[in-house]
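Labels for the chains are A, B and C, by order of writing; each one numbers its residues from 1.
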Amino acid sequence: MNEQDRQQRLYVAKMAEKLRAGKISRREFIRAAALAGFGFSSAWYLGGCAPARPAAPAQPAAPEAPKADAATGSGSLTPQQQFLKEVGGKFKGTRIKIVSENTSPGLVISKLMKEEFTPLTGIEVDWEIVPLDQVLAKTIQDTVVGATGGKGQSDIYYWDQAWLGRFVNDSIPVDELLAKTDLAYPDYKFDDFLPQLVRDIASYKGTKIGVPFDIPIFIMMYRKDIFDELKLSVPTTMPEYMDVVKAIHEAKSGQGIMGTVGQWKSGHYALQCDATAWMWSHGGAHFDADGKPMYTAEENVEGMRYMMELGNYMDPGVTGWDWGGQGDAFTQGKAGIFISWGEFFPGFDDPSRSKVVGLVEPADCPKEVKLRPREQCGYDETPGISHQGGSCLAISKYAPNPDAAWVFLQWATSADLTARANAQGANVPIRASNYTDPRVLENNKVVPGTTRHFEVTRRAIETRMGTEPHLPQWAALANDVNAVEYGKMTTKQQSIEDTLKAIQEKTEKALQAMRQYGVAA
Amino acid sequence: MAITQLPASGVTRKVEATQAERVARRRHRRESIAQTAVAAFIALFFFAPIAYWFLVSVKPLTYTMSWPPVLLSEPIFDWYEVVVLGLDPNVGAKTGIVFNGAAGDYYVIPYLLNSIVIGVLSTIVAVGLATPAAYALSRFHFQRRSSVIAWILSTRMMPPVVAMFPLFWLYTQADQRVFSSIFGRGTSVLYDSLLGVLLVHVVVNLPLSTLLLKSFFDDIPTDLDEAAMVDGCTRWQAFSKVIWHYALPGMAAAAILAFITSWNEFLLTLTVTRTQFRTVPVFGSTFDVSAAGTEWGALAAVSTTAMVPVFIFVLIVQRNLVRGLTMGAVKG
Amino acid sequence: MTQLHTHKRKHPWWSPERPWVWLLPIVILLAIYSVYPFIFNIIISFQRFDPMDKAFKWNFPANWINLFTNSDFLKAFRITATYGIIALVVELVLGIAIALAFDRSRVRLRGLWQSLFILPMVVPPVIAGLMFRFLQNADYGIISNILYALGIIERSEPLIGGTGRNVLLAVLIADVWQWTPFVALIVLAGLKSMPHEPLEAAVVDGATPWQLFWEIKLPLLRGVLAVAVLFRIVDLLRLFDYVAIMTSGGPGGNSETISHYAYRMHKSIEWGMVSVIGIVVLILAIVVTNAYMRAFKVKF
């Protein structure tokens, strides 16, 4: 970076400080930044500030919970609050326990929990946060202790979609819970959850074992300013996507903007997610209808070729980046387009951490070259380029306090709560009503925690969603076989064919071991 | 001290004492500057990553997550407000910073207190238990002594990863099958309790402390014990009234190292705690958020904050540490 | 001493004249926390955890065969060994050099420099790992960019990334940063407790500083170094935190250590395999330290 460039940056930084301090308006800041030639098209940016859609009603339609006085009983209570007070109050003093990873909805919910849920019910909630891989280990340990005759430690489990098969017998089925009429949350409406999510992140072989909780899903995100500058149009097919990536890379890599960016940290689940999307988009899949691995199929090889070609247009650091590294890189304006978690999106519009405020647009993923139907795959696998990484909450079969936990779970996943969480940037639209709630729509503009991408997200969930197979061994296979072998491929230690062959062999071996224990596929 | 002053004296003493003194003083000043510069360079070199990390915590991420970073701007303390003061990280409200979201919170102070309390208590217990053991290993020449020492050393060699599941199993089973029947259903005596974490931290520290102190006692002449016992002390009295005073510097060094180990312990603490007694490293690990990226700013603020008390601690104790290690402990 | 021996017979084992009661508390604790997991692991190492029945089932000797025929494990073994040796040498050389610098007599503000210098030791490795992930980011990381500027690494092969050629350097930087102070501190203590006579004699004989170091100081430091090396060997053999946090063993398995391999098995609930690895590492550590202690005549 030359001195002039540096001075400009410092100037913009100073203006940003003023903006933060409230000394200048946002509009002045934009003008200053544009004058400094900071690179973003100011007209576009200003457009983002004044949303095209009519402003949402200032007063949300659904009732806001009155805070402190709700506990004392003064003021009028909604039926939900009434329920929490009366039914939840029966479990006063109970301490329920959850273990989960650090996810967006958790922040909002745990905050509201302290302000509303606990004062109303008297139920204390211990929410333990650990890194994702530890959640799995801790949960399994807990089920082992539970299954050997004791009670578990946790009341509520947090299950990533990849683990469903493993825990199919460890929760109280949701239908059983919904049948408890005395504990039924008023207006809970289980049907309001998007049915695709119920099927793919909360059920195994038709049995509902949990309640959908969050839904990171792959969508396409691109830099509108770069597209305008290079006169590119949004790709709708896989070859077009590759062309766009290439074009951006050729024009912009000199300025430090790569064509695209990936999550290729070997040995990390992120890499498996990335690879799977390319596999599926070329007609491939992990397992055929008989439950046999089919990695070596030509479609999968095609998918991997596509992925490796994309790698030519990425920063070399990509093999060390998991989703966090990928998100950081795009947020810092280091790539032109990518297909990845929509969860990144709210951060793009946050000026304190993003260099691409208002410059990123969401779009539907390009059409798959070929798509293998769900019926031709095994273990509930559903190909689709919009790879999802959702998770559900389930009541443990070994829960010390299942009823209190169910009251909490219904509250935490109720329409009102999820809408409020989404309005505050939790980014987990799991219910149909979340997409229409005025409080959520209000953020459909360039603000930190934006919901501009929700429409695309909903289309992705309803029509394009890809779900990994749910066999019991999947968590282990995905992390320790696939992600590791793909890592050898992306670092060019191993050819595509050898990689897929190695995964095929290891998977077969694991399945054999599984059959040995009489686990039906 | 004595070494470098040697060549200066003697030769020029008679001839023009004042001039020689001046030359010597000038040379000393030069040496002092040079030596201080080297030491300062080394210290700052090792301190640099921490300093940069501190800058990350007081700049918007857009400034530090680019090359070259923009470091000459007014500091912002938004993350500290949330992390240290426990203000509500309400999205976009005051701070303008979106928190990706932790289900717990960002308020580091309770975890910091946990770390300090667990560190101090476990250090006291570990050194308290290790000292008599080290004394015995030093003074009694029994047959199996070298095997016992080898065994104590070997307990440090098991990778913590391997102990995770057995430990979890032990704690939960003991709670459910033993302590629940004594203290009533649902009591946690070990799992997620102060006692449980403490014991782990004590055990992690025992081997090093014991061996360190043992070589320390080796340096204290046995004549002292014998003199005390001739005066009518029992062996226990000889130890508790006389000998251990001589071992104090060693105990200080062992205690400092034990505190540091306890401060840094991660995997086993993670295994035996849930929400009640998590330490700073366990808390810090939760900032590595899946999908939404790592909370770099908050993490930097957390680690800087956590470093303040230990920095003060180090500043106070480093002299004792070096001195303690000096006096025999590291003879091998 | 003679007194001790004559009294010995009369005292029961619990008497304070015998060692056992002194050792009892730590023996009990260490037994619970290390012998118990060890026995537990031996048993589990012959079994496999069945995820559906939530029970351990015998499958002797599959875990053991699996381990030693597994190319990933053998690679991890190789990496642990090479990395361990390199890290040990670097930390020793740096540690000694730095200790010598701090040992000079005319250093002002010594306490401050020493404190700043040992500060890395009190940064929990988990947090240090995350910190270095930031500082070594291929794009904006300050360490990466300094190394690019110095021409030590190429932009196409960043510290963490590329084909993983430089990834061990990334881990090494973190490791050296955190543990050189430990080595230096111990060496410094050794230097401080060094007898003055041989040094003074050598100076009078006109020895150069270089000779002074090689011929007098270093031999006198042998015992101290032996201890520092011993503790570093034990820790390097189970190197885990930085790898887990910074690289997850990648890229392409190029930074996978034995301990991290075990952790991967733990994550995928192959507890039988974890146990096997645990026992292997333990045996390895005992053999290595024993050989080392014999070779260098280290005694406790």
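Heads up, the rule we're going with is that a residue touches a chain if its C-beta (ideal position, glycine included) is under 8 Å from a C-beta of that chain, and two chains touch if they have at least 3 such contacts.
Because the structure is a prediction, the values reported are computed rather than measured.
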Return the chain whose centre of C-alpha atoms lies at maximal distance from the corresponding centre of chain C. A
Count the C-beta pairs in contact for A-C and for A-B, then report the pair with the higher count. A-B
Centroid spacing, where centroids are CA-atom means, of chain B and chain C in whole angstrom: 16
Can you compute the centre-to-centre distance for chain A and chain C, using the mean CA position of each chain? Integer Å is fine. 38
Rounded Å distance, chain A centre to chain B centre (Cα mean): 38
Which residues does chain C have that touch at least 2 chains other than itself? 137, 139-140, 266
Contacts with 2+ other chains: residues of chain A: 137, 144, 325, 328, 332
Which residue numbers or ranges of chain B touch two or more of the other chains? 65-68, 164-165, 169, 282, 285, 287-288, 294
Which residues of chain C touch chain B in the complex? 1, 3-4, 16-19, 22-23, 25-27, 29-30, 32-34, 36-38, 40-41, 44, 98, 101-102, 104-127, 130-135, 137, 139-143, 145, 177, 180-181, 185-186, 188-190, 192-193, 196, 199-200, 203-204, 222-224, 226-228, 231, 234, 237-238, 240-241, 245, 258-259, 262-263, 266, 271, 274-275, 277-278, 281-282, 285-286, 289-290, 298-300
Chain A partner, complex, touching residues on chain B are 60-63, 65-68, 70, 72-74, 76, 78, 88-92, 95-105, 164-165, 168-169, 172-173, 176-177, 186, 191-192, 270, 274-276, 282, 285-294, 297
Which of the residues in chain C end up touching chain A in this complex? 48-55, 57, 72, 137-140, 155-164, 167, 247-254, 256, 264-270
Chain C contact footprint on chain B (complex, rising order): 1-7, 28, 31-32, 35-36, 38-40, 42-44, 46-47, 49-50, 52-53, 56, 64-69, 129-130, 132-133, 135-137, 139-140, 142, 145-146, 148-167, 169-170, 199-200, 202-203, 206-208, 210-211, 214-215, 222, 226, 229, 234-236, 260, 263-267, 280-282, 284-285, 287-288, 294, 296, 299-300, 302-303, 306-307, 310-311, 313-315, 318-319, 321-332
Could you please specify the touching residues of chain A with respect to chain B in the complex? 1, 6, 9-10, 13-14, 16-17, 20, 97-111, 126-132, 134, 137, 141, 144-145, 150-151, 153, 216, 323-325, 327-328, 331-332, 341, 343-344, 346-347, 350-355, 389, 400, 424-426, 447-449
